[in-house]
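Both of the next two complexes hold chain A, though its partner changes from chain B to chain C.
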Partner chain A sequence: MSNTAPESRVPRGVRGGAGAWLRRAGGAAGQGRVGVRVFFVGGLISYRALFGWLSPWVFIPSLLVAPVFQILLFVYIGRSAALESDEFYVIGNGLQYASIPCVFAMTNIIAGERFQQTLGSILITPAPRLPLFVGRALPVVLNGFFVAAFGLVVGGLIVGIDVPASAYGPLALVTAVSALSCTGLGLLSAGLGLIVRETAVLSNVIFGILLVCTGANVPLDALPGWLSTAAQGLPFTHGIEAARLLADGAAFGEVARLVGSEGLIGIVYATAGYLLIRVLELHSRKHATLERA
Partner chain B sequence: MNVVEAVDLRRTYKTTTGTIRRRSLEVEAVRGISFAIAEGELFGLLGPNGAGKTTTIKMLITLLIPTSGEARVLGHDVVEDARWVRERIGYVFGGDRGLYERLSAMDNLRYFAELYGVEPKGQRARIDELLELVGLKGREKERVEGYSRGMRQRLHIARGLLHDPPVVFLDEPTIGVDPVGARELRATIASLTASGKTVLLTTHYMFEADALCDRIAVIANGEIVAQGTPQELKAGVADGSVVEVEVFGVEERSVERLRQLAGVRAVTVEDQEQKQLLIVQTAPGLELTHAILSQLDGASVGRVSSREPTLEDAYVALVTAA
Partner chain C sequence: MLRVFWIGWLFNLKNLTNSLFFVLISVLQPVIFASIAFFMFDRGDRGGGLLYAALGAGLMGIWSSTLFGSGGAIQWMRWQGTLEIAVAAPVRFLWILLPLTISTATIGLYSIVATLFWGRVFFGVPLSFVHPALFALALPVTVVSLGLLGLVLASTFVLYRQASAFSNLLEYPVWLATGLLVPLSLLPGWVEWLSWVLAPTWGMEAVRNAALGGEVWEGLGMCVLLGAVYLVLGSFFMHNFERRARQQATLSLT
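Up next is the complex of A and B:
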């Protein structure tokens, strides 16, 4: 219909009728399949797109070497000051360091959309929002688990701590749940990252809070009462306690409640984070707030 | 049937300035615009920077809620039926933004194919088809961060067409693209309507709008100041003429005096390296060349010519008068 169009032939790519390539699988089942693919496939692709630490030159020093240094630092401080055991610091710091991938990555791969100016592109897609945003958490949890497990194993071998073989499986589970819990906090941080400009500052503050307040390095009973109480609502607090008990020979049943609390805290944070992102999306449609990167 | 309809659309932004003494400002970006686009039509939205073009598009693609008024795509309200509308529209950004730099073109397209729910079995074939369409076949595995602006722009078009939407919004798709690349993009845009798609195009380039658009709306200061076919818009200034004067070092007060001359409709100044080109639109039946030259005291004058008005002249006259 163009009046003086330079060329009016129809190339292969635009042929096919209106919306011919849109998945038409009807009803909730079709939408469900779309959601599953957005969760798994979309989550992984967006993780690769927005988490800039996946290069080996960044990943190895930042996520594998640095946690070992952190573990060693606190172990030697603990030894020289005759405070806690080596095991106390290896488990505390090994788990707590998962907050680097969990908080920084989760924040980057959602708030980073704003700074890459890709947020508008995804918000105008019909993709269901729950898998679109929460699906990005799965690679983060796996990465967090890997980093924590690496720190625990390597830190434990260097320092020389003995953990009963029967505790390996439960410890792996506690590590995974702790990574999940911290990723929940990361999702909330990601929502806040859509409001503030300096997401790295926010993530660093969160890291500091988790370093001091979760019992990773300072026993909870050494903290002021109010802080010790507040720490019960933080990721890692229950996970670290459960891991230490397991390493000391406790059965999983004895720490199941702690592991459950750790997971529940993560779900609460993740729910709050997702709701915040959705509220901000709706707010943005009204006030154009997310466009102002 | 009207595929896209805007009825008295308005959009106001609230911004704040200052840190301690915060002041709230209200900016009316779009002030009650109305237009309709028929099925298979290529409709152009023309206007200077800040005129409200992108805000209008953002309301139509569900990214912004209008402050008042209504917008419908394929008969569905863009606020009430946002998801339904999103499934049936494609949006092509202009410029560098909106792509994942660390991913390859293939992965960018795969990701958005998932978000648009393109059937997994057909995804690869569809992506190949689009890569071929936009001329990126063979380069699809390279990271976007290494792409030229033209390649990015072509990738934007491929992404906008992934789900074969019946309605496509193109926001300055050829901005910053070299002439050969822009020509290829225009051929692709023309092919969209040839396949039956309805297209809304915003552009700064008048020749582009003239060549591609069935109808054009000129928007200035958030309002539509003219609407019609390119021929109709040109006819609005066809009764006058245009005097072009090459000058070296013309002063602003001289240009201002020119604007005050009786019979002068609009004056624009184009900087061309060391010289400037004065484009003076005049009313019909007047010979103003001498009067124009007499106002350019102090400036060296080069070539002087007279010609028929173009669509660009019509645009300048409309925007200047707004």
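Up next is the complex of A and C:
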């Protein structure tokens, strides 16, 4: 029987002082390696196993074609209402549609563990929790970025909006930060998914709130005051505003504050989501409520 | 047959009403789209009529519940293990499926009620209908025609495992192509041709004209005509599905 734990490689004769430090350092390095492995490999495997839309038969209609039609619907409603330009709706809906992969995937990946009855097995492992849960977010962010970028490019080409080439890079960055921010909200939704039975309904409600409140289709100053104030704390609100300014020719420096706010909102939601999951994990150990919802 | 239809319709209506997902599709989603339309039309330069938007968003909900309910009907039967029993029953499978698809459209009536109520309470939408009796007639006719379109969806989606993905695919395009919130005159010319074979176009025309004034009977007539065509098509596809399933043992598609 072999023991490959890092601390076992420290010579037994060494006691205290440098030996103890070496053991601690070795243990920390081992924990770090485990954490990195849990973060990347665990995250990727979990994503592939639990995000049920990865089949091309589902992915293409749901995440590539549908956002283009959402863009077209609002472009035409906008033309009918004579409210804003086509560019306004392409950018607003292109970015906002990232909420489908970000919120739905994040919720399904963690709450889906419960449905597949693997959550209990995961929570009895000694794996560090931060990389365990946050690692599952990385593929979601990348997918959200891809879906939003696809919608922006294809929707923009179909409708024929004019964006300066110098804005492409900054727009990509804003798209990535918005996907990150929304995935933070998705992590919070995943936490709620541990106590709410209908996760699909929860995700749809979040999608609807983001569609109405983030300025994707209705300018924030056209919303009631309390709603536009609440929108300042939602993902996409600052990202969409920044993307529109960039598409109108603003330099990145002019929107850096908005991009920073977008990222910060995502971090706050992700932290809240992680803490909620941890609290519910501890609660489930005490009260045996893991499979209850 | 009438008894089978009535019991099936009532049972499925109660069943769907107990589903939080369907209540969401029927109530919350149309209210969200109606709110966006209210804000946009209210703020926009052309105005556009809040009642117009409320009715359009309501019919969007009827289409969504029909699409997801009917499109996934047979898939749910597969998951629940009731498909084999339903197909083997002495009653033709068509008469089991038809009340289900009509009930998925019927539950969409919640959408109309929700958007009108929401519009009235929060946006001051005037609820004065020019032809109230025709409005009361246009709604059930539209619901039945959409339910029959649902039968076509159910009988074609049955061959695909990923029926929900096709449902996702068809939601926005039909909202757009049938002029529920956007006048068809704004869309490319070929879209109008496509819209003629879709019952929501004519149902919307009938409901909207009954409420706001205009010719109602043309829309109603087209709903009846298209409903009959959908019934024939659905019956043909369903018969074909049953025959293939019996010959090749593919009923469960596993």
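Criterion: the second predicted complex is superposed on the first by the 266 of 293 C-alpha atoms of A that agree within 3 Å, B and C clash if a C-alpha of one lies under 4 Å from a C-alpha of the other, contacts with A are read in each partner's own complex, and residues count from 1 in each chain.
Quick note on the criterion: contacts are C-beta pairs under 8 Å (C-beta built on N, C-alpha and C of every residue); 3 or more make two chains touch, one makes a residue touch a chain.
The structure displayed is predicted, hence computed values, not measured ones.
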{"item": "First (chain B), second (chain C), both or neither touched by A:58", "value": "second"}
{"item": "Which superposed partner A:66 touches (first chain B, second chain C, both, neither)", "value": "second"}
{"item": "Touching partner for A:127 - first (chain B), second (chain C), both, neither", "value": "first"}
{"item": "Touching partner for A:46 - first (chain B), second (chain C), both, neither", "value": "first"}
{"item": "First, second, both or neither for A:116, with chain B first and chain C second", "value": "first"}
{"item": "Contacts of A:81 with chain B and chain C, given as first, second, both or neither", "value": "second"}
{"item": "Broader residue contact with chain A after superposition on the shared chain, chain B or chain C", "value": "B"}
{"item": "Intersection of the chain A residues that touch chain B with those that touch chain C", "value": "none"}
{"item": "Residues of chain A touching chain B in the complex", "value": "1-23, 25, 34, 37-38, 41-42, 45-46, 48-50, 52, 116-118, 120-127, 132, 285-288, 291"}
{"item": "List of chain C residues in touch with chain A within their complex", "value": "20-21, 24, 28-29, 32, 35-37, 39-46, 48, 160-162, 164-166, 168-169, 171-173, 175-176, 181-183, 186-187"}
{"item": "Residues of chain B that touch chain A when the two form their complex", "value": "13-14, 40-42, 58, 61-65, 83, 86-89, 91, 93, 97-103, 107, 110-112, 114-120, 122, 126, 129-130, 132-134, 158-159, 161-166, 183, 186-188, 190-197, 210-214, 229-230"}
{"item": "Touch list for chain A against partner chain C, complex", "value": "53, 55, 57-58, 61-62, 65-66, 69-70, 72-73, 76-83, 198, 200-201, 204-205, 208, 211-212, 217-219, 222-223"}
